[in-house]
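In what follows, a structure is listed as structure tokens, so that the remarks can point back to it.
Which chain is which? They are A, B and C, in the order written, and residues in each are numbered from 1.
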Amino acid sequence: MLQINNLHANVGDKPILKGLTLSLNAGEIHAIMGPNGAGKSTLGYVLSGRPGYEVTEGSVTFNGQDLLALEPHERAAAGLFLGFQYPVEIPGVSNVQFLREALNAQRKYRGEAPLTGGEFLKVAREQAGALGMDMEMLKRPVNVGFSGGEKKRNEMVQMGIIDPALAILDETDSGLDIDALRTVGDGINRIMRKPDKAVLLITHYQRLLDYVKPDFVHVLDGGRITRTGGADLALELERDGYKELAA
Amino acid sequence: MTVLPTRHDEAWRYSDIDALARAWPLPAPESIIVPAGGTFARTIIQDSGTIHQLDIAIGKGATAAIHVLNTGGDYGRVELNVTLHEGADFKLGAVQIGGGTQTLEVITTVTHAEPGATSSQIVRSVLAGTATGTYLGKVAVARDAQQTDSVQSVKAMLLDRSATANAKPELEIYADDVKCAHGCAIGELDAMGLFYLQARGITPAEAKKLMLQAFVAGVFEGAADEAMLIEAALAKLGDLV
Amino acid sequence: MTDDIEIKDKAAWDAAEKVADYEHGWSSDIETDFAPKGLNEDTVRFISAKKNEPEWMLEWRLKAFAMWKTMEAPDWAKLNVPPIDYQDAYYYAAPKAKPKLNSLDEVDPEILRVYEKLGIPIAEQKLLAGVEGGEDGGLPQRRVAVDAVFDSVSVATTFRAELERAGVIFRSISEAIKEYPDLVRKYLGKIVPMHDNYFATLNCAVFSDGTFVYIPEGVRCPMELSTYFRINAENTGQFERTLIVADKGSYVSYLEGCTAPMRDENQLHAAVVELVALDDAEIKYSTVQNWYPGDAEGKGGIYNFVTKRALCQGRNSKVSWTQVETGSAVTWKYPSCVLNGENSVGEFYSVAVTNNHQQADTGTKMIHNGKGSRSTIVSKGISAGHSNNTYRGLVRVAPNAEGVRNFTQCDSLLLGSLSGAHTVPYIEVRNPSAQIEHEATTSKISDDQMFYAMARGLNAEEAVALIVNGFAKEVLQQLPMEFAVEAQKLLGISLEGSVG
């Protein structure tokens, strides 16, 4: 589904990714772990096309398409979803309006008919309910006044409504208490653990992986993948730390 | 005023004087007196390049609310001269949206002449092309107009280089027990917000429009014809983006 | 006395010292050389001749004088200034030369006390009073080089030899015109053009003295530089001119202090200050303005019409203006930054206190022409008595200046219900990438605050001084430390009598 080959990327003038190669197949869940500053968030931003993140070398294909040639909204329409580490507040725009516009823009891009207001609300209610989110919150402006945990939960509701093929979830576990962590973990499994979907979990800690069991764990350090293993690798990292591993 | 003003006149310093000359001399300002305890509301839609001048005296305990959508013509100007008596309240919500070579301006002089009056002005400008949008907003608090409470929020957004936003949020205060808070911000759309919208599949133009819509939203809150004003504002925004 | 202190005019020095021998609000009867009263071309020639100026300088002055005659005084400020009779003043006054020199090492403790009350730092005091820092082991380590301007002439410039070893030129402007004509001509009138405004043009014609500073490339000026301005003679205008050039990668911190005696007549002060910062250079310019403000009934006091402007010409150049304005009957002053350099920085930190019948209309202009240029404006206005205090500012962003940032905070504090506090900001933006923020608030000292402070043992005046200092803290913090301490005291002194 996703092939990343020798990816180099700069933020400003500073090289962050330095030859990253990674391949994800449909039906797989991958976790990327690594110390602070390894380039984990940069990878998420580069894949989703954030301005200011410049690819200097390498390629990324997504279902056979050149991902890097697409605009951010085209990547979303092609089925890529980025769960933000810090979801952005947009005063004045309600969640409902935002999501409906987003979903219908993606459907339009794919040549599908837009959802009516009723159809959309049905999907929204379903997903919000599954993640224990009050419909009233969906009527409020996007992320404005939400707690850290509520923002992350909102990201999952969005993922459920948009139903992407590939989700890149950047530190989705940060800021969550244990109950919220379970809810979010269950959400990821329910929405994304399917034979035609894939997930790239970007995380610093092992704890989310107790709920979402990865098929592969990669260590990202110094802008490239330094080690790959199974779910056990995450436990090893948790026990020994990244320093030990680097030595 | 009988002589055509020049840009040396403070109230006309950013005006399109040539356009003004064509409309000169102006008729006397419309005079509105809101009696004690009364209420007054008016919506001004300036969509054809005209100059609106209103003098509003708000009596004791009375309220007045003005909503302005300033969008049309080469030169459009809405000028309000408001005097508040004891315990009166004045609210202004104004949006101006300009493109091309338009010059749009809203000028307010709000005088708290007596104690205990409250006023608020919320003004949002969106400017594209080489348009000029100006807000000159003066709040004057007379000697002894204690317990005045005045807030002003002024924001402008430029969509193109060479569009111009001017603002003059002015305070003239002669009483000590007053609360006056003015805020003014001029900038561009939040880049991270735009990216977030696009990462959810919204096209750049739609994302921009959505953000601008949010930018002007709320200004028309409480207007009798709120829905119509929002729709008209969105239509004009759609033309610019 | 060491050779580091250069007394150019012993009699003037003596006079400067003598004048300090009065209580706060003193006056003194120094024998003085005046130019004939009034203003005409001959006055201009007289001043130029007194200073043995080169021909080009005289021509420049005469051109300015001709221009000035065609101009009108600006009337846009929120100031009520009676018409000024420019013919009823002296445009040049210098302490008369005396044959006998006084000893410089006898410092009257009373003089120290007076200086202290005025807010001049201790080290500078001793220098001014004639004791050079290096000789007295008890003095603070930090040294300040001083140019003392008394009426129309510079009477002493200290630490010259040491500064020269670092390559720093620190001179009265009259000397610089003669010694460094090329450097002076290159910049004089280039930042504030001759035609800039009525008072600046007048200054071009009749400026008497002032300070010239040049910091060469890569040099961090080894000590703070300071000018102490004093108007003493009656009916005399002071028109000083300051020019500071910071070459690439250099740094200088400059302090300016001013006082004048108590007089019934209004005296005119119209200065021009020009600063230039080249690539990576930084100038920090601090002012404590304590000209005589007039009496409680509004009689007398200095009319202070000052044009101060900095040109941040170089990449990453920075100019920071800090002012504490407590004096003068009328203040008309807008220290500004023209930010031409890419990523250049302009700052304006101001505390303006007005009491009794004082009027101040002061603020800044930040003109953003350079990409990535940034500015910060923090203005704290305090109005008491029957005074009026106006902040007037301009933030302008040119169409080609990408990525400009400005933050402006204007706070007014009113003490009593007979004063006025005004805020007149102009914001003009032509580039979409600019981020401009302006915030303004008006408040008074709450009864709760007063009660709390007084319940802890402060009297009403002390409580006000405490709260006002808290209000102005952000600005006072920008001052060099010794200055900040004195400025704090000055705020308290200025507000004496403002609470019942």
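By definition in this document, a contact is a pair of C-beta atoms (placed from the backbone, for glycine too) under 8 Å apart; a residue touches a chain by one contact, two chains touch by 3 or more.
Here is each chain with its UniProt name: A = Fe-S cluster assembly ATP-binding protein; B = Fe-S cluster assembly protein SufD; C = Fe-S cluster assembly protein SufB.
Nothing here was measured: the structure is a model prediction, and the numbers come from that model.
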Among all other chains, pick the one whose mean CA position is farthest from the mean CA position of subunit C. A
Of all chain pairs, the one with the most contacts is B-C
For subunit A paired with subunit B, centre-to-centre distance based on mean C-alpha positions, whole Å: 42
Roughly how many whole angstrom separate the Cα centroids of subunit B and subunit C? 39
Can you work out the whole-Å distance between the CA centroids of subunit A and subunit C? 58
Which residues belonging to subunit B are in contact with no fewer than two other chains? none
Taking the complex as given, what residues does subunit B use to touch subunit A? 190-193, 195-204, 206-207, 210-211, 213-215, 217-218
Can you tell me which positions in subunit A touch subunit B when the two form their complex? 48-51, 71-73, 75-77, 81-82, 84, 87-93, 97-99, 101-103, 105-106, 109, 141, 158, 162
Subunit C-touching residues of subunit B, taken from the complex the two chains share: 10, 143-144, 146, 156-188
Which residues, counting only subunit C, touch subunit B once they are in their complex? 76, 78, 399-400, 412, 414-444
